[in-house]
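Shared between the two complexes below is subunit A, which pairs with subunit B and subunit C, respectively.
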Partner chain A sequence: MLSMRLRRIRNSHQLATAALFILPGLLLFVTFVIGPLIYSFQISFYDWNIVHPETSEWEGLQNYLGAIQDPVFRRAVVNTLVYTLVTVPGQMVLGLIVAILLNQQIKGRALFRVVYYLPVITSWVIVSLLFEYLFSGQAGLVNYILRDVLHLIDKNIRWLADPILAFVPIHLLGIWKGIGWTAIIFLAGLQVIPEHLYEAAEVDGADPLQRFVHITVPLLRPTIVFLLVVLTIGGLNAYISNLLITNGGDPMDLTHFVLTLMYEATFTRLDFGMGSAISYLLTFFVFAISIFQIRLLRQTTEY
Partner chain B sequence: MRTKENMFRLFGVMLVLSLVVAACGSAATPAAESADEEPSAEEQSAAEEPAASEPVAISYWHTMSDPETAQLENVIATFEDANPGIAIEPTRFAYDDFKPALLTAIAGGEAPDTARLDIAWVSEFANQGALMQLDTTMADYAAIAAGTFPGPLSTNFWDGHYYGLPQNTNTQVLLWNEEAFAAGDVDAPPTTMEEFADVACALSDADNEQYGYALGGTYFWAPAPIFYAMGGQVVDADITTATGYVNGPESVAAFTLLDDLYAQGCISPNLLGGGVGTADGHATGMYAMIIDGPWMVDIYAGNYPDFNVNFVTIPTGSDGTTSSVVGGEDVVVFVGTEEVEAALTWAAYLLSEEAQLMMAEVGVIPTLSSLIGNANLPDYFDVFLRQLETAQARVPHPSWGDMDGAINNAFQRMLRDEQTPQEALDQAADEINALLNQ
Partner chain C sequence: MGLQNRRRFSRTVSYILLITGVAVVTIPFWYMLITSLKPQSYIFEIPPQLWPQEITLDNYANALGKDLFGLYFLNSLIVAICSTAATIVVSSLLAYAFARLKFPGKELLFYIFLLGMMIPPVMLIIPQFIIAKHLKLLDSLLGLLLVYVTMNLSMQTFLLRGFFESIPRDLEDAALIDGATRWTIFWRVIMPLSRPGLAVVAIFTFLYSWDEFPWAHVAIKETTRRTLPIAIAFFQSQHLTEWGQVFAASIVALVPVVIVFVLFQRHFVQGIAATGMKG
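So, the complex of A and B:
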């Protein structure tokens, strides 16, 4: 009895100490993250007046329904999903290849690791402007190579003037910029796989492909799940490249992502209710899809 | 078990506490807002104290260019010498960031005292209740307003009141590249729209990315000079309907001209996105003609010092009239400023001949009619001042941004051959009518 009580005292003592350490961070988190989250949830049900919030009119689900019925929003959802479906596998496949190459005993390995990581740390703004220049319809490097060097086309392609072709630079940029980070995470995953598993498989006569399929992939499963969830969230939240390369929705509001549309609704059209509703629709969707992904890929097998 | 329970309980208490703190912190919730309106005793006594040694600080937000920002410092110095009790604190923003910055500041209760707003935004901010009515608060408003050009002044009017003063104005005229004209054996810039179309095609060679005319985009500001010059109108004078205006015969004729020129390869495809910008293309001879504003003098002086800029008024429409689109900025005072008198003094000073002439030195066109013909104005202002006599303001309406978008999309649909100009503008008229009826 006594010892139990003593332990409880010691525990509550520890708890108080821990709480003191947690409290400042929690306060900041609640003030700057949870608070605004709740506030914008409230805004999403109003025709919000930013200057005189007390005059805002309650609209119920009107903002949500309005967004869902808006063809521009639907198109933005499709664009965002396509971007995610293209860039997430693109980053993962290429990132895995790079990681496997960087995991070999090759000359200048450190240099290659730096080179592949460079796009990750460069500013989104700078590389977006660079890709915009590369794919310029009149004076871009890509058209120059296709027309004047390789003679594949007769006329310059107007990349950014076309609602489909405009996604070529945006998708390529998304993949190119993400490979380095994906590769680093895969590399960490690869390095924990014990070497003796490969040696044993080799003794059993497994070829490199079999070793990859039966050892590397299963043991990378937690890494793959992690990357899939994180990259999907990142893909659904894509924003800067689109805003800079197509000004958000050019041409004709056909190239919006959900977030560029949210930005336009909020800060260009001053419709804060609609902007908040769009961001909450995205939040619910990301939340649902993340849970789905984790459930789908969860497994209990221990290696 | 008990410890775990305790921990949850503690966490819950902390969460609730933090939420309370956060709620108190966000001043913009309706409850907190109304509480803010009653100044505490402490604040009241502070306001009654005379400003003895400390000058009153007035913030002024703007989006000026480099040379304008440098000259603004001189304007402020002159103002502060004459008004020792007031200190102006200017803050410069990039144009694209300005609206979000203003909105966040207003929402957070940190709006500036004064700002220089794009003329197209004043009715929008006034409609949100963010701006002071200057005609009811500024003692000499009527006198100052009477001395300004009516077009720019009209952009300050919304719902029965004036919310600002026209600080500077501008319009767009035709720029023609001498060398490109000489190379194509064209002697002089076009004076009528027929000549303009002929010259644009004569100086084009689309296969080699050479064009007679280029627009910066399909947003309304770009085709607006040709649209207005050919008699186009967006809505009626009372801003009640777009039917018969944006899709009326003159408006359709203007867009048909542009659509035909584009189809013939006489207009650069850069207006649909992803091409060479008009400023660079014009200076390098790629675009023989562009339509742009007085700031091009400074831009070219910096980027293409050897390039000779040639301005001429917009070619005339079929009935011989010329026109263009009015641009510029208005100075406004925000609701909630604590030093109303000082803010109004500063706003009025920006409309003085002294301040207007100083800013004119760096290419800013004044709004005071008394300055027409003033010897201190740069020579190239002549063509802009002449164009301003007929130039028209865009629709002063809080939903102008959406109306602009409707015309922009209509222009895109005709350029992409999805609709004829008449069909595209009929649709735009319906969309604008819906905005007017909201």
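So, the complex of A and C:
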């Protein structure tokens, strides 16, 4: 009796109640996510007039083609890809090392964890400015260490004035800031690997390297896939460090990332159509890469 | 004996590596702190000192007094606290609906919300800017808050739905039979039981709102409405050589983050491990 009544209450469609719970979130989500998603797709086909949108001219694929043919955009794509190819493996390798070290009976684990996590919780703005200062040409700490402590160079390097060297602080920052997060995700993956697998392997005479290759790596595969996908998305969307360290593009528009270029097109040149086209191009690419990575890594798990 | 020696050796190597890592992480922060305490005349000293020869609080006094960083701090605090509170309410309401209520189109709606986790936030900035302009939400802290809540919604709803589903149904059933409404049950039964889950949501949203740069950078032009990240970036672009003040403001901005993190470290690490959220 009771349970039937209960089931009836549980299962009854209460549209009014559900609406009460859902509406605040749905309203925000439609206004600031779904609406914008559709709106920017529309804008990307126009020579958008921000003051009088109704006078905007339809341009078809012109914004997309214009972006793809623009050498500055192409350079930005290369820069973004190189950044991703450097910082993703960098974070994963160093993060895994830290995670393995912290996954032992070690004194002060909590303290180590806090310290390694410090760069993660610090605003990108602060750490970007910090790296700009560390790598400054005249009296930067990095130049001092390279020149007077290690004697590797005999003249100060002007890191930020060179279109290639400017990426040294940007790449190092990308890795430095991400190690803590990567390590914690790896640590969570390592902690579910049963200890007895290692013990059995040790009894069978497997050395540490063999245990790592044959136990740790295969069992960490889901974690590795997850990190690869998330870090790649993060790398392709990198933006703040570049904007602050090179002013997005200095010198001579050679150091842009895709998103610093999107920002410049939109908010400096007020070309909202071009900005939207660039952000859609990036999003398509990000989706394609993510799906590719997930597929690829799933296949290799099947022997 | 041989095994024990090897163990001891590998432990020593571990400590050496970990401490080297600690040095790599902390030296930049230490240098930032030192620079914030140096008089301006020492900022470009050669050789750069890792230990200050003269300590002064001038940079802090200037940043907080002359340059309105006190106000920016307050703005950041208001936005971060309100965004956190609003995110907790809105996302737990949603999560409860997805965990317990029955309504048409539930599955579809849930997947639409999940989509929100996959969209790079920066790609939404242009239309968000135009919409905020129409709604008169530019140059307002409310405009920051609404976007911050929305950008956190998908992830936090997903997290809380899982949390709510793990609460035994018996607790609600008793109240349902007594004729309590879902609304009452949500506030009186579910929310009090969910403190650990809500803590994770709170920490992430607070840090996100406190550190957020791209949206604030686009949405705020009015000086008095700035939050700390955009204020610091703007100050540096105006006073290229006054690193002491830049870093004094940065240290001030960093203090609440470190306090929140150290206090809630355990929740935080569990939250990341459980959901893969990016801090």
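The definition used in the following text is that the second predicted complex is superposed on the first by the 272 of 303 C-alpha atoms of A that agree within 3 Å, B and C clash if a C-alpha of one lies under 4 Å from a C-alpha of the other, contacts with A are read in each partner's own complex, and residues count from 1 in each chain.
Definition applied: a residue touches a chain if its C-beta (ideal position, glycine included) is under 8 Å from a C-beta of that chain, and two chains touch if they have at least 3 such contacts.
Quantities reported herein were computed from a predicted structural model and do not represent experimental measurements.
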Contacts of A:282 with subunit B and subunit C, given as first, second, both or neither: second
First (subunit B), second (subunit C), both or neither touched by A:267: both
A:54 touches, of subunit B and subunit C: first, second, both or neither? first
Subunit B versus subunit C as contact partner of A:244, first or second or both or neither: second
Contacts of A:15 with subunit B and subunit C, given as first, second, both or neither: both
Which of subunit B and subunit C A:120 touches, first, second, both or neither: second
Partner chain in contact with A:35 - subunit B first, subunit C second, else both or neither: both
Touched partner set for A:102, first subunit B, second subunit C, both or neither: second
First, second, both or neither for A:161, with subunit B first and subunit C second: first
Broader residue contact with subunit A after superposition on the shared chain, subunit B or subunit C: C
Residues of subunit A contacting subunit B in one complex and subunit C in the other: 11-12, 15, 22, 26, 29, 31, 34-36, 39, 50, 53, 138-140, 267
For the subunit C and subunit A complex, residues of the former touching the latter: 11, 14-15, 17-18, 21-22, 24-26, 28-29, 31-32, 35, 43-48, 89-91, 93-94, 96-97, 101-104, 109, 112-113, 116, 118-120, 122-128, 130-131, 146-147, 149-151, 153-154, 157, 173, 176-177, 181-183, 186, 207, 210-211, 213-214, 218, 228-230, 232-233, 236, 243, 246-247, 250, 253-254, 257-258, 261-262, 265, 269, 272-274, 276, 278-279
Residues of subunit B defined as touching subunit A within the complex: 2-3, 6-7, 10, 14-15, 18-19, 21-23, 25-26, 28-30, 33-34, 99-100, 103, 106-107, 124, 128-130, 207, 209, 218, 268-270, 272-276, 335, 401-402, 405, 409, 412-413, 416
Residue numbers on subunit A that touch subunit B, as the complex places them: 8, 11-12, 15, 19, 22-23, 26-27, 29-31, 34-36, 38-39, 49-56, 132, 135-140, 155-156, 158-161, 166, 246-247, 250-253, 267-270
Of subunit A, residues touching subunit C in the complex: 2, 5-6, 9-15, 17-18, 20-22, 24-26, 28-29, 31-37, 39-40, 43, 50, 53, 97-98, 101-102, 104, 106, 110, 112-127, 129-131, 133-134, 138-141, 144, 148, 176, 179-181, 184-185, 187-188, 226, 230, 233-234, 236-237, 239-240, 244, 259, 262, 266-267, 272, 275-276, 279-280, 282-283, 286-287, 290
